[in-house]
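First comes the structure, then the notes that go with it.
Each chain carries a letter (A, B, C, D, E, F, G and H) given by its place in the written order, and its residues are counted from 1.
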């Protein structure tokens, strides 16, 4: 089965890296995976987004018009991608920065106060990992542990001191989502 | 024009949005001094009343979208070829004002021949040359103007002058050419410098209006994004690192220009 | 009495902080409490009467976000020429 | 009117002047240099714009700029110089500006030599730059035709806001032949609606080929393709000799075509039922006439001064209906009528065996 | 061996390093820049030659010079920069020097945009410069294939003393996928007999593309054409999926080909007898397999990210045997599997009516 | 080597054909000083014993056939691109001697960017720059170095500096670049000048041997054919017309070069 | 009928202009005509040659492998082109500069001391016109008068003072050839 | 007694006259009486004993046609270095 993820947000919110982490994790699990960034006129500053596709078969297109999962880190991303999530799919939003709530009834919304949690964990830049923890709990594409291993392996040198905080962030995101999924 | 709803009626406007700019917000990164350069040029065009007789030639570089920001007839030249395109335009419209706006990659690297020859011919155009010591648009590769030791995405351990040479001071080179009437370097790193830059831009356009030859203003400009520092620090970087290597100054002010 | 005043067009602002750094009267702060539509913390004019209308904020703003007003009657030259004079 | 003995390059230059050329930008290269040299004097005398550029890269971008002001502009070069113009040509196509570009082809690849060749066929018809576009390509075989095609080129360029190439070869450029020049045309015409002339009293105009959003770029491409389709439909041109009852159809353009004519004529004298179609437009390629003629013929022989490039277009036009054979010389060698005659005879007798 | 998650551009760069790259010269341009950036560090670390040139024109001529010393050399660019390399490429072809050139194609014409495209198909296969030559062109669809093709490219280049292009598109360049890199290859090899290394104790050598006499140039051209013919015979490469019993044959290369794969798979699930041939060499084009498959199929659908360029090669290969239809997107738009699926369904049902 | 049958055995040879030349007669017009320049370079290579470790990069111009005349490994670059090609070669063969030989059309016009950047990078190559103020090979069109008022086939009434600018003094321009170690102009119009030219060429190659950077010798050269005058008159024309505009001199002799 | 001429000699011997004159004359006579120069590696200095083809029908190739008439102004041209003259054709040589005599028996050789005659007429540069007079007398492709009119019309401004000498040169060449043809 | 002597390789000579112009002893004339194989009037050395072996003719000859001999015993340096010394 093919699973598609869209990550979108401001440059600097770690959107690209979130996607790459997921891709690494998928690869380590022996799955087929593609990651692709998207550029637009908004390249300078502005917003950025990337796609991740995970599958057990060779992947055709690394881009999809209607991803199963969209992760919106900011308001413009929410506005832009809310309409395109596949029916039955998941829309995860950084509730710390995005107020509106989807009016779509055919998708699940996962509101994660990721920035706030990251702040609590100790580093605002960890919002992306919080989101990943939440998303992978709500939509079980990969075991969380795969992501933990990916973090371990692919956190760049200058951020390795944050590794433990990363694990915490992941766990916090997962916890939160678990609660919500249960409560849903 | 930006919205004026909040304007206090009892006061006089002393600084406002120039007519020669459209109100399209730019795509530049926060604190990028491309925006300052745009404003200065627009103000000069306004002051000289040139808006309706000017043609702008965009480069390829971060400022490739400049045609969206200036309220002028405009075109986009291939990377580095703005001076050639401007030549084609100016030869057809000798009584119009034609200017190019080019980055250091565009002007010093791929377009070195075109700028050199436009200057040598004394082409009656004006060039605003934004030297930010980097290829901004493509993500921060080394430019021929990058400083010795400068870290860029294509010189990750710092520019090695043994292999790549010292940065080119293009204004000094172009000043050698007879056709160059007015060649100066200014900086955009602080308010006083910006004011001087504007004066130079004003002169450059006046040189063109008087048909005296090629005029160029090099502006030391920041690229906070690719330098990897905050906008404010970037201005300091200009002052501390670029200015010593690229001194501001008048490299060619022909006598007929002085007489203007 | 207020001599100068500025209007910051916050929707254009990219939060680069340059205006707030250069203002000699320290009457521009960065608004850390909100993001504008483009995702930046915009600059905020603190109209405490200290603004002199010196326009250095406008001169350095890369995004032409700032309109500057002054109480003193403007000289004869046209509005834009004045803007230039401020340089 | 009077015929004058004119060198191809000079004839093209003077015809351009009479067709209303406003500006010429170019860089010397054999075998087209006389074109530039002639215009250096002529344009200046007429108070029009002539400028020798510092390179072909600069020349094509000067053309780009001048065309953007609504002017009638031309440049000329030969193979290596033409290669250098490809980026600029792609920008001009992407900006939908009219202009005329003359490629007086010579032997290649690389520096090659200065003898006549048709080695740039693919480049002129298929990929005069990156991205999806085709210039209109006119291929004269005589000096007179070169003259006539210049006027046509400017008219087509204006009509379609498109780039028109004149793909000549060293022989057409260097040869003197009697030809009749058209009268001088009035250059006054209404300002085209794309012309950059300073935004006085009107909305500003922008000339560019940049569409950051893929869907916008696609919309532009669709528009461009629509235009190209229209040109394909209406602008195919060719000329025929002895084709009425031809069993063997010879196809050749430019110099190869005119030499083939002599061979075909000689073959006819020997009772061989052979005809010649000489494409005048290389793009759009005269597929319609060729497929009509192929219906009636039982074999085809393509003659080129290259390794077989138009050959592909002929095959595409004929689509396997009849066998298509090739006779070509390369590297600046111009085939002689007797060689082509031999090729005709061989192919004809092969057909007879088949029949 | 281990799979790594690699970005296409970086994978190509590292694969080149491992294939024995001696020198890289290039100029930044999106969407291939990571290739240059990666090598700037990597080559320097290894004590090999990396130089950022002042332009693509300079880059290709640096490649020309380095290749003339017998080195394994590479450059890379994207469409506008690739256009600027055409003159140099023609010289390299005319000098029969091996080298590898990567074109990561983007939307055009002109400046266009930085999205994935296949708009340079004609340029890479037909006329990478003036004169009669074709580079060998490899078109990867996955990061793994890009890696594999790099080694192949250097080997073919050496074997034939010929230029090999890797025609990728922005998607192949930008995408990360797991791929396995080959081991580092020994760079030592005997000095090629054309290498300029100073005429010490041997006859001097000359590298050039100049043959002033037409007949000498023709002799060179004949030699070159002979080589190209040999390459055409031995180097056609393609990969097939579901073609055994395919009634509808889909043909697409690179990104378009891999997306078509998803569509074909989906169509098979719906019981449609459709197969996919994905050309891996664009030149030489896999005419042989295509015409074999066309014998068995009753229709063909070509999918490209352009206005229909390979389409001509397919038509030439199939020669009217079966109808050939086209589905394309342009200007940087990448087609989605569902669009292609729809095109397959439409064409398939049309075939059913015909049958 | 030329035939020696007539050599008087009792005398000593004081001037003979250099080893670094083949005995192929050149295709230059009678009296064309390209031939003198060739001989000087060949003599220098002989004297420095460099023949077997040198690679020559031919330009496109009348000297395109130079690879036939020099007994060296050689190649022909596209018009103007010799410095780029030479860069590619030198980077692969850092211990070899690589030199380009380029005309003024080749070097100043179409190849302006390549020479400028090779010099700026301090590319360790030597350039022999033949300035004959004209495009010889293509039949005498105006070069960027043609003198004001000079009649050429593309400026039949004389070079108009209003439209085409003043001629470019390229040595002076290139001397501005840090990477340029040795940039001088010499003339070939008489025997004394030719001797000085040879000394400069010798120095230029020594600069390369010492790895000091880019070296270039500009040689004022004649084109009797396209100037339309006799060879002897052509030498006078150099003296009377070119020298005043193109003074011989040392435009850049870096300290490390002086120390050689 | 198609008539082909090859003119060859050193640059400066007026070879190109001789061909052009012939072409002008043919055009004025209402015939089809082509003139084409040939370049070779010998371009700088060295020898030059051009072809002229005259016909009453459209001309295919302006170049022929075996011209009916070859005019050799110097020894290298004689050596190079003697073998290619069409059987039954005419080989005209400037006997002032070319000593050897053709060994071919299938062509006519016309030996014209053109340089010498030109000298007698008063200008060495007229050798080309002397040759033309001789050639057109020996091989009557056009009436001599057509050539005279062409001279009148196409002699460049700075050489118009030589017009009368030109006529004389033409006549002297013609006379000489007439004598030879009679005596043959 | 003859101090110098030159040999002009007349087949290479293009008759440019430069050597005859510069020869201080006026012992090089142009041979107007014959053309060499390449069609030029070659230079001719008039061996009247005046030649000093100064080599300026060789220095200016663009076609490297001239070999110069001198009677004085050559200095120690190798032949070609000497040629150079003559410069």
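Everything that follows uses one rule, which is that a residue touches a chain if its C-beta (ideal position, glycine included) is under 8 Å from a C-beta of that chain, and two chains touch if they have at least 3 such contacts.
The structure displayed is predicted, hence computed values, not measured ones.
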item	value
Both-way neighbours, i.e. chains that touch subunit F and touch subunit B	D, E
Comparison of B-E and B-D (more C-beta pairs in contact)	B-D
Euclidean distance of C-alpha centroids - subunit C vs subunit H, Å	83
Distance between the centres, which are taken as Cα means, of subunit H and subunit E, whole angstrom	59
Centroid distance [mean C-alpha coordinates] between subunit H and subunit D, Å	54
Length of the line joining the C-alpha centres of subunit A and subunit H, rounded to whole Å	86
Residues within subunit A bordering two or more other chains	41, 45-46
Shared-contact residues (touching 2 or more other chains) in subunit E	30, 51, 54-55, 57, 80, 87, 91, 95, 110-111, 114-115, 208-210, 212-213, 334
Numbers and ranges of subunit F residues touching at least 2 other chains	28-30, 32, 64-65, 76, 78, 109-110, 112-113, 117, 137, 144, 163-164
Interfacial residue positions of subunit D with respect to subunit F in the complex	27-30, 33, 36-37, 40-41, 44, 51-52, 54-56, 80, 110-111
Complex contact set, residues of subunit H against subunit F	5, 7, 9, 11-12, 14-18, 21-22, 38, 40, 53, 55-56, 58-74, 79-84, 86-87
Touching residues (chain side subunit D, partner subunit G) in the complex	3, 5, 30-31, 114-115, 171, 174-178, 258-263, 265, 334, 336-338
Contact footprint of subunit H on subunit G as seen in their complex	10, 45-47, 74-76, 97
Residue ranges of subunit B in contact with subunit E within the complex	60, 64, 76, 78-80, 105, 109-110, 112, 135, 137-139, 141-142, 144, 153-157, 160, 163-164
